[in-house]
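Here it is, the structure, as structure tokens.
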Amino acid sequence: MTSTEGNETLGLGKNRIEALTDGIFATVMTILVLSLTIPVITQPSGSEPPAQQLIDELGQLSGLLPAVLTYIISFVILGVYWVGHHNLFHYVRRTDRILLWINIAFLISVGLLPFTTALLGRNLTDQAAVILYGGNLMLCSILLRTIWWYVTSGHRLVDRDLDQHIVSIAGRRIITGPIIFTAAIVLSFVSTWLSMVLYASAAVYFIIPSHLDVHFTRRNVRH
Amino acid sequence: MTSTEGNETLGLGKNRIEALTDGIFATVMTILVLSLTIPVITQPSGSEPPAQQLIDELGQLSGLLPAVLTYIISFVILGVYWVGHHNLFHYVRRTDRILLWINIAFLISVGLLPFTTALLGRNLTDQAAVILYGGNLMLCSILLRTIWWYVTSGHRLVDRDLDQHIVSIAGRRIITGPIIFTAAIVLSFVSTWLSMVLYASAAVYFIIPSHLDVHFTRRNVRH
Amino acid sequence: MTSTEGNETLGLGKNRIEALTDGIFATVMTILVLSLTIPVITQPSGSEPPAQQLIDELGQLSGLLPAVLTYIISFVILGVYWVGHHNLFHYVRRTDRILLWINIAFLISVGLLPFTTALLGRNLTDQAAVILYGGNLMLCSILLRTIWWYVTSGHRLVDRDLDQHIVSIAGRRIITGPIIFTAAIVLSFVSTWLSMVLYASAAVYFIIPSHLDVHFTRRNVRH
Amino acid sequence: MTSTEGNETLGLGKNRIEALTDGIFATVMTILVLSLTIPVITQPSGSEPPAQQLIDELGQLSGLLPAVLTYIISFVILGVYWVGHHNLFHYVRRTDRILLWINIAFLISVGLLPFTTALLGRNLTDQAAVILYGGNLMLCSILLRTIWWYVTSGHRLVDRDLDQHIVSIAGRRIITGPIIFTAAIVLSFVSTWLSMVLYASAAVYFIIPSHLDVHFTRRNVRH
């Protein structure tokens, strides 16, 4: 902690910005669930056999599946951005006002996700909803990429000896997101289901370990 | 703090994962209350005696009791999972990407609880709602059990000298949840009220101290 | 931090419990605002003079005043409980499972406040709403008092040399709340407005410095 | 941490107050998004060409633009207040009960912003909504200014050697807000759109670096 103490801009060091980011991510992930509307289940008349009644009731709830699916995809992608944000800030040594405001722009676009997720969950086959969702995810990726560009260009806010290899691998990894999301938006003109498959794939893709991890693991000291 | 500094995967140490988990638990516990719909009370005509009016008004509010009951049960069980999560992470020494993502899967299922709680609170006698609630709780337990299995198998992410006794007691304790929740789901075919009793019992059961605490208390140093 | 390290019950030290409590208080205070319904203002026809139109529109919003009033009262009282909780935990040296669960019971009742606040805000003149609100506040006070009783009786979880004077002053101060809230509930049979005045007075009363502060200030070191 | 340890009032040091403030800001910023209502998009009949359908659907969503605009303005201004609050508390050395309660008053007005933002987002051309929004922002500014006045007057809670230059620059900077917001309210009698332009300008104005930053940067040590 002491090593970053002197880097704060008017008391707003890296730790503070990370704390606000963590708080917003935790709350955004939690209120995603508000996108699921709570149905009042119509109980079938008692004349049917119990097993049939249960199937009827579960049938009424199955309408929620698209919303649950988008909830899970959004939660996972938020997890990806959260991990990504920490990975980037791991290398940040100093902060300045511009970094602060790019970061707040990033948080504004992250904060919109519960809205676009709910919009998609309730209009899963609607192209406009699919495009807005993809656009929101793309905006998040682009702003995260901007943070990385800003702190690393000319080693502005990172260590002077930060390996250029890490800079370019991380940069390339973040930019994969927008490429997938662009493809999803284009495919929405063919079928919105293809777009959904791509959004889910993006979530899975980012969970799989990358070269960056391998690189880092070598430096990972065990106690 | 310094002792875990080197164990982080790209800046995502145990502390960070615990902080996100804490933030999500605090928010989930708080938004549980949104499952209670706020009624506009119809005031009886002034012709009745005041005491009778009060009874009428309280009668209108009594419809909220099932939702309040499920709110309390869910809050307590969330408390149990929160304590359980910290107990497990107490023994974790290193983190890796797989632990991170099992933990996020755990948080996804925890984050669904305000939804299944609200669903149950508004459809207390409905078997589908009772089953989904039990299924949600079971999913949380199984994922918590998976975390414990993953970090302890082959002492993957815990101390090499962690007592095998603690490993098996903790594992057995977590698995009690799914057993109770399975029983609750099976009993829902007889009566949904029996299931509710079991859910409430699970909450009470977990509050009672276990052998694990006794074991730990011996090591508990007083100042 | 190191001084309390050994006191934790399976990793759940005082710091952890305080962190969960802080997170829940921050979220509860924030979602209080959801008790204010957002009206769609009907714009008057353009034939009236602008000043009259503004007065008409503000008139439509004035219906929100009761809800804003209860929002402020609840926020202030939550602030009081938050300060009170920290004051008590300031003297806590050890934690145990029972303290943990009394604290969670306290958080459950705190978590209900956004509901009872919204209920009161929308039914300000309704006796049932006034009584439930007072009952909720009373429950919070009683559970906070129980925490203090539990940790201090026989110096169970506090320092052996904690001044008995502090124990009794703090205990007496917490118990003032339930007395005021009981009076408010009794007065609701006469007039719900009198109850509201008492709730507001309780908020003001707790803000005013007490003997406890004076006592403490003497020990307050300046740098 | 140790350096501020002795300054706490009954356990409520600067760190605690900052932590509550951070938690509330993170949650307020996040629930701002709840001001956006989630529309169910009416899909046009299949007889139209796909491109036309998409335009129709996007047209339905365009009604959300005013709400998105106010969401962004509010998020940015909240960011400004959050930064401002930390800048002020950077110089605070001691806390007392009065500071605590001015700060809670500040948080109460910050906590109202999701309400006034939603009100404005749904009634963008309505003068009453425009005035209430400006009034809310003004209240936040005035309370932040009060905090600064309280801690600095007679060097009450700041270092004795705090530069008088910083005191007056910071004070003047905070007071710029209320001036802009007053102008916005006055202009609402001419056109509510002019007010919106001023609110947006206020957001931009505060992002631009001030003399205070320049002053501070000189003391900013690089590692």
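Every chain is named by a letter (A, B, C and D) in the order it is written, and numbering of its residues begins at 1.
The rule is simple: a residue touches a chain if its C-beta (ideal position, glycine included) is under 8 Å from a C-beta of that chain, and two chains touch if they have at least 3 such contacts.
Everything numeric here is computed off the predicted structure, so don't read it as measured data.
**Student:** Over half of the interface residue numbers used by both chain A and chain D, so same, or under half, so different?
**Tutor:** Here the answer is different, because the shared fraction of interface numbers falls below one half.
**Student:** Could you pull out the chain whose C-alpha mean position is farthest off from that of chain A?
**Tutor:** Of all the other chains, the one whose centre lies farthest from chain A is C.
**Student:** Using CA atom averages as chain centres, what separation in Å is found between chain C and chain D?
**Tutor:** 25
**Student:** Using CA atom averages as chain centres, what separation in Å is found between chain B and chain D?
**Tutor:** 35
**Student:** In chain A, which residues are in touch with two or more of the other chains?
**Tutor:** Where chain A meets two or more other chains at a single residue, that happens at 23, 26-27, 31, 34.
**Student:** Which residues, counting only chain C, touch chain D once they are in their complex?
**Tutor:** 22-23, 25-27, 29-34, 36, 38-41, 43, 50, 53-54, 57-58, 60-61, 68, 71-72, 75-76, 79, 82-83, 86-87, 89-90, 207, 209, 212-213, 216-217, 220-223
**Student:** In their shared complex, at which residues does chain B touch chain A?
**Tutor:** On the chain B side, the touching residues are 1, 3-4, 6-12, 16, 19-20, 22-24, 26-28, 31, 34-35, 93-94, 97, 100-101, 104, 107-108, 111-112, 114-115, 118-119, 122-123, 125-129, 131-132, 189.
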